[in-house]
């Protein structure tokens, strides 16, 4: 097992390297560069092509691509991620803050989605084709049938504007630094987020539970006189974990990828919005660094999932 | 303040709407202005805003900058003229090449230090340092490029600006490299920085956090930075030493919404904030609960299709005239753009400047068809592919474009597609070698200011110097030159009129409509004032008089 | 002493017979059929032109001549929802199908063959997963431009990692079980072992996956228009019609513009899910053996 | 010397599904089992033998399964009537079950030890080390070598025989008074089969358990059971002591089963009779005697009337209209 993990960690290095090369290539291929972003027609007053060229020169954008990449890589290896060209802020600090925010909201959202999703999945599996099964499936699907942006607007309109239960977006009330205020801001977006993700976990759990509940060893567990809860959880659910674990593993990177549409409508400064803004402004230091962190999370999540497979099912061997 | 002077003409509804806002304002609730309290706003929301900016760099966000720093001159309340602000008076020699400015008496920085002409000179030298780190030199060029020695200083050949000379604590003299009858009109974005408090180098201009760190920040505007939460909000505290008196508010909070207007509007309706920029389609449903602000004089957003004239399909003027005749612009502005837009005959968005005899192209599909026949062009062969940037990807503009599409297909032009893309892609869609697509975009043109040249340049609005026009008709360059050299305001307006007439005849690009931009404020705020100034102003909004009940 | 005549039904026949007993799945199939017919033969169900401008009927609520009202250009919402369905269903099903096929193939390769194959395929999956879709879509959009086929390939080409990992997880679990070893001892080729013996076990999570892939594809298409990649207007799709709700005025005062496409999307996804439920039960290998 | 009655089942009827596709798996099944006695239930697959005992244990999936009628008294309580919680407390403690294929009946993701200790914890309240030691001794008792290590291994690491032994250890963990063995040796080869049978017989005497042994292998039944019940299409066709059944089978179906058994005292290549036709499809049972279509002596009454249970001797009953004819032919029937 540990030999396998070490090999996977060693393999991660070339993969991360390749990710950074690919991201750099993608940014290069995308039309226009960060200086073009500055030349936004709205605020063009007083800038000439010569100014733009001077800026391009100063940012080193005229150097050939490999040189720029190696320059960036050199910096990263010494822990210097450089400055965001748009937000005039060190990339390290910027990412730390935005990742933190995303982890908070996505963490709560996904946690609620996983716990409710799985328990509802089991509940509906035990009552297949009952009225409860139908209604819960119907409600869970409402979540994934609407663009996240619209779901966000509706939630804000109903719960903030009409009912006034929650603040309308943002992360904190200006000047207030209490946990209570922060949570008060987090509840609504995290809830919308969890509703959107809950359907996923619910369906996968339900499907795999339906599969497992038919197995002989579940009958044996009942024949052994074990309480229903243990029969369902220890015997049935544990055997149905593989697809569920796969989906949880797949959603771990979302902790850092964030949810751009939700963050936009809830004006929540998370990673999704930052990544989106950086891509459309070609702010390559931020894009490169963000992608590196996302890649690390993806590799970690996939490794955890694979190890979890072996832990869950002894028959799976990690070679 | 003459409410309707110089306002865009056009449809009755457009005029009616603008009139009502004026009336709502003059009434102004009479209640006593209570001192203290906090006002939470989304001041820098909307196309003119920039939520993360610092003065002298982003070319936008001036509504916030002017809260922190004062400028020598500034737009008046309805942006119809540029008036003195930090300066008391100015004088120029007869050929307008030497200008002498006198600061008001008793100006103080927020830390009590007196503001002198030395601060002004220091700022000029600081901003023209060869290694100045600012990312967008727009404001700097606007404020200083006319000063003698600017090119030498910025190129590093000289270590100081020849054209700047401090006479005494309150007087400074500018020597220009070329005559400018309205040099004072180039200083409305010259944010003077405190020489004694600026502890960072010009090269670190973009990376310093001086502008956001309450312990190091020293300003001269009505407010000073009290707290900055990146991506969330900036809290400004009252500046005791503001020369127009301590503001009524204790605190002015500017909340950031990542540029999303819907998020800001929801916050307004949930009473979390008291003011925000709103899109034109939302105005009708907000009118009765909120005070609606919109531009009274220099109307703001002019939208147009830029032709790629290199593409010979459009080189024949009759084709361009046919296209304009084919589109019922009044019906679109009246019904689809919600009546807050008016169609325009030329790129001058001020109706009072349109000459009586300007050529206009009313909706006349038959005329359009016959023009195409005359030009021997088969409408089916015309391919129009428009690119716009995401700033215009909203219901109003999307609907308007689809309406244009429908009208054009009625005269046989079916190959019409458009898409909104991000700004770098939008800019990259224009390439000097001429194979660029046509562009649909709008931009604000201040009534005054030296970049009038932008009025007729296109090519992705690259500003002066680069024009997409390979249009060799004479008369354009002279018309623009006449505008910038016009000594008096009447000559200035007349020159604009001539340009408008010439443009309407030549039709180098397709002028569509001009609309207003709107802000909605909670009625409980007193003396509040906001204008969708072109590219954010700055203008006199008397923030020190704002008060909450 | 008559011999009772016993015929052995083919699995498909048995499956269809058992599927028919599945009331919810049959209803779902019927509703799905109705939606597909309505959209495919839209011209029969509505006389209006989905793209035509009608200045006289702008922003009208549902009325006798416009059952679901009109949009900001006076176009009939009922008509646009049907025509929009054509595009959205094609994108949804095609993209889902594409991503599922890629996912199954790669999942099987890495799960069944293991060792090097697994390592290579999984690292490719890692790399693809490490890219938020936006950066890939943006660059591809610049080269390919908008259009239905590009959208399908982009959405389909980016959504296969979850399927691949899911299939791999299941295959890993089945690979060492006795019935697979037994099949190998019978000299069956890998292809047969995989398709006939292992894949039926994967049907259950796959069906769930397809359901999501379809709804995700329909909704992602809308998001793409923000990048200038989605199906260009004025062609309606459920996605871009729902996006109209970004405008607060439409969202709260003119809901008839965005609710119909939302209901159609929801119904379609629900039906696909319940048909999937029915299919899963009908083809469930356990069920067949269980009939002692 | 009537031994204490352990289990008494009367008129048990279990069916699956509803309406047109309703399947009656067990019809009017009655039998008794005394303490320390081994009763075998024999029949082809689909005859309802397994459903009978699973109905009594209450582990058939309901729906679609339905226990239409009948009683099953154990220790004075009717297992079919008491509420689920009380029945659950009996399961695994007083009544235990061993299944046919331990590979699918043991939980693949739990160690064998855990699957035993959980029963001890649930029913006997044993915890930690005590439960573990008890589990190790159980594994020893059923003949699994090196039990101390094997306890932490998983079912797929056990051989077929070992898994079956683990299953049995699991069943006897709480010292049940009734053991239901549902074809425990069918999946094993003959040599292992014999070891398992000896093991069960040994445990039965040492733990004084009553055993219901379900099988379709008459050879096994002969070795282990005192009383036998033959089932066909959900009904009891013959009930007798093992001696009477082998010496004087009364029902044509029993005779047919015995006739198809290879015997040591036969010449190689000698023709074996076999029962023609297929077991009936439970969803479309013919009226009258279900065996009629395959019975060489079937008459019109057999095809119309359900045969009553007739007493043939002491504790020997059979449900057939043609018992006299069978006796007249001294058990030799024209099978071809």
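Lettered A, B, C and D in written order, each chain numbered from 1.
Assume a contact is a pair of C-beta atoms (placed from the backbone, for glycine too) under 8 Å apart; a residue touches a chain by one contact, two chains touch by 3 or more.
Computed from a prediction, not measured in an experiment: that's the story for all the values here.
Colleague: Between chain C and chain D, which partner chains are common?
Modeller: Neighbours common to chain C and chain D are A.
Colleague: Does A-B or A-D have more contacting C-beta pairs?
Modeller: A-B
Colleague: So which chain ends up closest to the centre of the protein, judged by Cα positions averaged per chain?
Modeller: Checking distances from each chain centre to the full centroid gives A.
Colleague: Nearest whole angstrom, what separates the Cα centre of chain A from the Cα centre of chain B?
Modeller: 38
Colleague: Averaging over Cα atoms per chain, report the distance between chain B and chain D in Å.
Modeller: Chain B and chain D have C-alpha centres separated by 91 Å.
Colleague: So how far apart, in whole Å, are chain A and chain D when each is placed at the average of its C-alpha atoms?
Modeller: Chain A and chain D have C-alpha centres separated by 55 Å.
Colleague: If you average the Cα atoms of chain A and of chain C to get two centres, how far apart are those centres in Å?
Modeller: 22
Colleague: Listing for chain A: what residues touch at least two other chains?
Modeller: In chain A, 30-31, 153, 157, 215, 279-280, 313, 315 touch at least two other chains.
Colleague: For chain B, write out the residues touching at least two other chains, lowest number first.
Modeller: Within chain B, residues 262, 266, 390, 422, 425 contact more than one other chain.
Colleague: Touching at least two other chains at once: which residues of chain C meet that condition?
Modeller: 138, 142, 176, 227, 246, 248, 252
Colleague: Where on chain A does chain D make contact in their complex?
Modeller: 215-217, 219-227, 230, 234-235, 238-239, 312-315
Colleague: List the residues on chain B that touch chain C in their complex, please.
Modeller: Residues 262, 265-266, 279, 281-282, 284-285, 328, 331, 335-336, 387, 390, 393-395, 398-399, 401-403, 405-407, 417-422, 425 of chain B touch chain C in their complex.
Colleague: Which residues, counting only chain C, touch chain B once they are in their complex?
Modeller: 51-53, 55, 58, 71-73, 138, 141-142, 146, 225-228, 232-234, 244, 246-250, 252-253
Colleague: If you look only at chain B, which of its residues touch chain A in the complex?
Modeller: Spelled out, the residues of chain B in touch with chain A are 38, 40, 47-48, 50, 52, 54, 57-60, 135-142, 145, 206-207, 227, 229-233, 235, 251, 253, 255-258, 260, 262-264, 266-267, 269-272, 389-391, 422-429, 441, 443-444, 446, 449-451, 454, 460-466, 535-536.
Colleague: Can you check the complex and tell me which residues of chain A touch chain C?
Modeller: Residue positions touching the partner: 11, 15, 18-19, 22-23, 26-27, 29-31, 129, 134, 137-138, 141-142, 144-150, 153-154, 157, 199-200, 203-204, 206-208, 210-211, 214-215, 242-243, 245-247, 249-250, 253, 257, 260-261, 272, 275-276, 279-280, 287, 291, 294-295, 298-299, 302, 305-306, 309, 313, 315-317, 319.
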